[in-house]
Amino acid sequence: MLKLRAVRVKNALVRECMAEFLGTFVLLLFGCSAAAQVKTSRETKGQFLSVNMAFSVGVMSAMYLTKGITGAHLNPAVSLSFCVLGQVPWDRLLPYCLSQLIGAYVASGLVYLVYYDAIMDFSGGVLTVYGPNETASIFATYPSEYMTLGRSFLDQVVGTGMLMLCILCLGEKRNTPAPAELIPPIVAVIVLGISMSMSANCGAAINPARDLGPRLFTLTAGWGTEVFTCYNYWFWVPLVAPPIGGVIGSFMYVIFIEWHLPDPDQLENPSTLPTISDKIKQPSIGLEL
Amino acid sequence: MLKLRAVRVKNALVRECMAEFLGTFVLLLFGCSAAAQVKTSRETKGQFLSVNMAFSVGVMSAMYLTKGITGAHLNPAVSLSFCVLGQVPWDRLLPYCLSQLIGAYVASGLVYLVYYDAIMDFSGGVLTVYGPNETASIFATYPSEYMTLGRSFLDQVVGTGMLMLCILCLGEKRNTPAPAELIPPIVAVIVLGISMSMSANCGAAINPARDLGPRLFTLTAGWGTEVFTCYNYWFWVPLVAPPIGGVIGSFMYVIFIEWHLPDPDQLENPSTLPTISDKIKQPSIGLEL
Amino acid sequence: MLKLRAVRVKNALVRECMAEFLGTFVLLLFGCSAAAQVKTSRETKGQFLSVNMAFSVGVMSAMYLTKGITGAHLNPAVSLSFCVLGQVPWDRLLPYCLSQLIGAYVASGLVYLVYYDAIMDFSGGVLTVYGPNETASIFATYPSEYMTLGRSFLDQVVGTGMLMLCILCLGEKRNTPAPAELIPPIVAVIVLGISMSMSANCGAAINPARDLGPRLFTLTAGWGTEVFTCYNYWFWVPLVAPPIGGVIGSFMYVIFIEWHLPDPDQLENPSTLPTISDKIKQPSIGLEL
Amino acid sequence: MLKLRAVRVKNALVRECMAEFLGTFVLLLFGCSAAAQVKTSRETKGQFLSVNMAFSVGVMSAMYLTKGITGAHLNPAVSLSFCVLGQVPWDRLLPYCLSQLIGAYVASGLVYLVYYDAIMDFSGGVLTVYGPNETASIFATYPSEYMTLGRSFLDQVVGTGMLMLCILCLGEKRNTPAPAELIPPIVAVIVLGISMSMSANCGAAINPARDLGPRLFTLTAGWGTEVFTCYNYWFWVPLVAPPIGGVIGSFMYVIFIEWHLPDPDQLENPSTLPTISDKIKQPSIGLEL
């Protein structure tokens, strides 16, 4: 349709960066809009759970939009983990991360435009990071008051580790693969699980782009430098901890599961495939594998 | 079954209009009934989230009923977008939109019949648009008090744009298609995401028929002309903004994703298909594509 | 397993009745247990929505248990509708309904046993139908106080009609069929939609067995004859209205959709299949059909 | 990837135990983290339902990680049931159970590390089993105050019985099988149903490892021996009742459904397959089977 195929971008990297930009844009537009809706309506039009759910819908939609093009990272910690695993070339890392960051920034701007009236009404026109009328948490994440630095670092490491640990198995034909066409909603459910169980401490960013993009936006839009200086310059935690957690989670998967699966070439000639456990007669609910 | 095949409607357009009528009827019957349930029970038998969820169930059911017949538009903004994209002929536009509108009107009437006792009990018999006992919002959407006109227009543009942006990719074999038989629940989840994240401002109609049909019904059923005059004749916003947003969202999809996918004819001869990115070894979770 | 195949029941009808009994038992055990949990915990361990969701999980589980054996009716209104549609022989109707009724009764008894301590603690040992400490609504459904008789009859007709209208299309290969293996969760979502949108008036029984079984149980377990006499002998409404509604919904489906689908024999020779609409180039999201 | 295939564990049992360890670890990390989030945020960052949902996400993720390796038991009651059914050899029982227990213990420790600040802030530094600031229930389950011993035993028997009854049918090709690749989310939904409907009495452990692992952790981490002695040494109930319930539920499935299905060898030669019910013309929604 639209006889404009001549405009097709020739450079693969540019096409991929456009996809990562768009995917992260969609992810943040769903998620931060929901945060704005719940915050500015004082939880009358949604609740904590609906913010978690909206981020998950964003994950699903962004993955359907981009998974065939880049693998749908949407997250620098995921991109880094795939690079470390040898599944994405290292020269993709920086361009992908920048695209994700810009997508997150632009999405934050659009959320601000759409919810400008609501934010002004809620905050009385004073854009702050602290207090009952703060609105900074609509965009970036901030730690709970009781958190120590080391603990919040651990929190982000564990959350991102769970993400990689749980998604790496989904495409593995030698184990229990998820249907390829349904990986987006299944990853979305995993992200929902993480945000329902590990967001009390620091908001479960588990994604440097998802956190830095909106934070930079709030810096430029009138919340001031406090978005970076508050909680003793805490902002670096969701930037540094998730990549470390993602790599640790990936290695946990490799060490506990992947190393011990049969070799892929054996799958092509199933007659030589050693049974994983000769003594186990597969239970009924595993028969279909 | 029932040896009445002789009654089959010969005219394709009439059959399609019957399907769009029935689909929009089902969508609104689920959604507005849930709104009536939550409103008249004063949130003791449901909450804001359950209204969002009921509309999504309505989307899913309506799509299973009609997708094989018309593509399950259920929304003039969707019909228009498909016409602009060249996928539905322009002479379908008006008949489909009228069918959707009538379906929405009739569904509103049935909701009113079923919830008549509840609405009378809740409102004390006075059908109003404003105040704590207003019941007009069970049917059509109304803006929050803090909204300016331009902002509410933008809100409807963005919401409908997200809808088209996120659903257009679902059937694309050259990207990550969703399973064809599961597109109805996946679209339903996307609609749920939009209503959880973009309904605080104006109720997320994102559908002229869904809004005008119930509004016309309330006009005729006793709520008076205020349903049109209130908020300075705001009613035209959910009629005009969604078609514009739908077209913008469709173009965003085309520009960022579709133009850069391989040509369809290349898919039939995969050996000549240029790899989207030669340098990328697909990550595990993308292997199945 | 277990070399007891000799005990296989030879009579098909008995096997089918055992399946309908077990399925309805599972449906009610999930649903009424959730009602007991929410009621006796005074909504601290669940809420209205979680009762709706538990009934839906019950529908899904019961369908996986029995759909290959009887079609998983679990509801006399569904059985009757299938008989009227000519898809189930009339001599199955009464045995199925009785099996469903007994399954619902036995499940109610088990719920009472499991929640006996909780019910006694909540109610102070007085089993009543009215008042803040009533526990009868854990089992059967009762109308809201504002309901008139005709309205509650209409409510049950519409709810059951929606059920049949929305599920009859799911297996139709000539339209948009749902995946056969996923029909149980999809029907469960439809039931969830009905209970989120049409349970404010009368509790959305839409199933004579689901209502009469528990009501008979409460009669025998100490709630007294009031479970039948209350609200002016209202108990007959969820017995009589759902079968009527189911048949009406089935006919709506047949009239609006099924009559106009291509003949089944044409599907086996697709080259002769008349296109539903020659002028419509299917939209992207319909391509996969 | 990572040329370390030399480290592959040769012993099948060890590989399987590693999988059961990891799976139960993931299950508990999701579930107990969510319990900590809801408890320490005083339900401002989640609610009872979100704990149920997080456990279900844990079930799904753990099953995708391990189902191809061990069948994804994650629960000694499930392992025992499969042994009794003859589908898992008895010599697997003890190693699996121990692996599950250790996985649950280690996950509890990590939850404690991640939520240490939050738990200290919530409890004022006093780790107790009773009272408004108790935190023991983040980890193990405890009965409601009104429960008698026999009733809580029955509660755990019924809950685990429902689990086995509902999951055993999912892989049965002679009935209505679920898609093999989607069994993890479907089992997760069943577990969600159980925890929404049968957790008011005793917290729905229905899994000895899920209960004993965290209880042992709280014993060693500072909650004291009260975690075992409280409620008159109640801790043995979720250890003993679930295996009994799992076996009873399995037998209910076998007696009501499996015995009466056609013989498996007949499926390979469908022409000799006796129709389950010759007189029933399958209803529309069953046609696809």
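Order of writing sets the labels: A, B, C and D. Residues in every chain begin at 1.
Keep this in mind: contacts are C-beta pairs under 8 Å (C-beta built on N, C-alpha and C of every residue); 3 or more make two chains touch, one makes a residue touch a chain.
Protein identities per chain, from UniProt: A, B, C, D = Aquaporin-10.
In this text the structure is predicted, and so the values were computed from the model without any measurement.
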| item | value |
| --- | --- |
| Common touching chains of chain C and chain A | B, D |
| Proportion of interface numbers common to chain C and chain D (over half same, under half different) | different |
| Angular offset of chain B relative to chain C [C-alpha, multiple of 5 degrees] | 90 |
| Separation of mean Cα positions, chain B and chain A [Å, integer] | 27 |
| Chain D: positions in contact with at least two other chains | 47, 49, 85-87, 170, 172, 177, 179, 182 |
| Chain contact graph, described as a line, ring, star, complete graph or other shape | ring |
| Inter-chain touch pairs (all) | A-B, A-D, B-C, C-D |
| Residues of chain D touching chain A in the complex | 1-2, 4-5, 7-9, 12-13, 15-16, 18-19, 21-22, 26, 29-31, 33-34, 36-37, 40-41, 44-47, 49-50, 53-54, 57-58, 60-61, 63-72, 82, 85-89, 91-92, 110, 113-118, 120-121, 167-168, 170-173, 177, 179-185, 187 |
| Residue ranges of chain A in contact with chain D within the complex | 47-49, 52, 85-87, 144, 146-148, 151, 154-155, 158, 162, 165-166, 169-170, 172, 174-179, 182, 186, 189-190, 192-194, 196-201, 252-254, 256-257, 259-260, 263, 276-289 |
